[in-house]
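As written, the chains take the letters A, B and C, and residue 1 is the first residue of each chain.
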């Protein structure tokens, strides 16, 4: 199996503060990795670093074969990030948002519609401006955008937070679909039950470093970790 | 090019939905013209003589707001990150955003032009020159506004920092466009088409510089 | 590089920051500049004559009289303004090309000095213009207006630099702005030249003044002395920026250590699991 993420002593600063203080991490392609750790452990920064949206201030790393030092522009189109900021346009309708990002990703209108179906966004919401949706509904839209883009690496920051029962199920289903297609998934979550049922391995972060990567679940790829 | 047009269409659609330019920036532009009228003591012949300069001062102040709005659209909800992740080349994002800003400015200028004719009793004698020089100036303003807007974008001081950086850049546009309009409106004896050439040069320089520099700036934000 | 860094800061053992930014070279340079300033003062105020020559009418004298002495500051300041801001733009361009914090710091140092010199140029020009031209400010003069726009553009540059943020992001933004200022200046110059097709600036001040030997000598001395002062300031400003960056990275090391201690406290049993090589 190919390596999807390879970090050695990775340091990443946010506003002068070392949010990541030397992370070593290996993720094999196709793994579904659960990131756990207290607030302020560095989970969000780690995901932004892996998305190519934060710069590496120390150490080395490659993601999907792209060097985090100089090949972030090649990396970004292959990565999908679902974060606290939903990265959508508030003034556009649901369909317009989806159509815009689908067009940029070269996906068809049919795929966009299918993604909305997958996340159970009801037809009456589709022509409504995003501003008028609730937080949970918006999150579903952001997840739909992610599904349309079909990234090779999915980075999910608290994907279940703020979602109702059916929303959680839809997001978990999305993760399973992605993993089944061979995509790699990293999800940071405090919601152990919802997240660990899809995860193949768990990594604990604290104080900006990986404190325990050993807690492997029923993962076939875990032995490849130290290869 | 397709991606640039997608970005431009997206910005224009956001304006059509939010109406920020129509309901907030356009009234500001007209209010500026009215205040300048008060400042000149509403002397009819003085107003007509100075109408080209007053018009372009109003346009530039308006352009500051429009440029800020153009950046704010991307930074609400970190949509700029989504554009980065989409893999669209920075020069194309720049072209799309500048195109949308130019279209919005052009619409505002038409409104301001009507207000200028009504309020200042200006008469357009050479319509072609007026339109051509306004178009060149608008492209230049939009290119500079888009570039400098993203320079000031991610910091909490955008409202105060952008004018400080952008207004000196607008100096040659103001001089050039005022003189070109002076010829077009018959208030100054000058060769307006030469000024059109200068405005075109400015637009070209800032379009090229912006397309090249936009990438490092987007990277800086990441 | 070694010229700017000198011996003092980089020969220090790590951790012990130098208490000052001086070195043997800069002290020598500073001494020279100081002596030059004294010499310039003597030449400008004592030895060189006031500008005064017979006018067209019998008995009347025309000329700039004592105001001409301002030229010994004004002209060198103007020359070095353009040199310093040009260096800033050049360093910005190189930074965008190669990266490397060295060029960013050089651009910063040059811009600060350039803006100060630009203010000196404008102020001395205005003080000189009042008695000679009869006005503080003349809109029709190309160089005057261009220099003012230059001043405003690089004041904006310093404003951008003063905003706190990640050093690398700030460096990139500043580099674009520093280069943009240089792109702007020829266009401004051209537009102002066309704007009012006249100029009060004597295109060839040196010829028209019928400069006497000592006047010319003082002017050239002024240019060299100002150059020494600029270089001395630039080296020190650069070293201050270098020390600031050192302090920042020392702070980062401390913050890193603190952060790792936080990690060890959080998971005492598993501390070695992930962070081992």
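Points to keep in mind about this one:
Just so we're on the same page, contacts are C-beta pairs under 8 Å (C-beta built on N, C-alpha and C of every residue); 3 or more make two chains touch, one makes a residue touch a chain.
A quick note: this is a predicted structure, and the numbers were derived from the prediction, not measured.
Chain contacts here are complete: no pair of chains fails to touch. Think of the whole protein's Cα atoms as having one middle point; the chain whose own Cα middle lies nearest to it is B. If you average the CA atoms of chain A and of chain C, the two centres end up 47 Å from each other. We define each chain's centre as the mean of its Cα atoms; on that basis chain B and chain C are separated by 32 Å.
With centres defined as mean CA coordinates, chain B is found 38 Å away from chain A.
Residue numbers of chain B whose C-beta contacts span two or more other chains: 219. Shared contact sites, meaning residues of chain A that touch two or more other chains, fall at 55. Under the contact definition stated at the top, the residues of chain C that touch 2 or more other chains are 165, 168.
Of all residues in chain C, those touching chain A in their complex are 165-166, 168, 248, 251-252, 255-256, 259-267, 270-271, 273-277.
For chain B in complex with chain A, the touching residues are 3, 6, 10, 13-14, 17-18, 73, 76-79, 81-88, 219, 222.
Put simply, chain B touches chain C in their complex at residues 147-148, 151-152, 154-155, 157, 161, 164-165, 167-169, 171-172, 175-176, 179, 194-195, 198, 201-202, 205-206, 209, 213, 216-217, 219-221. Across the complex, chain B is touched by residues 96, 149, 152-153, 155-157, 159-160, 163, 165, 168-169, 172-173, 175-177, 179-180, 183-184, 187-188, 190-192, 194-195 of chain C.
For chain A in complex with chain B, the residues that touch the partner chain are 51-55, 72-73, 76-77, 79-81, 83, 85-93, 96, 100-101, 103-105, 129, 145, 149.
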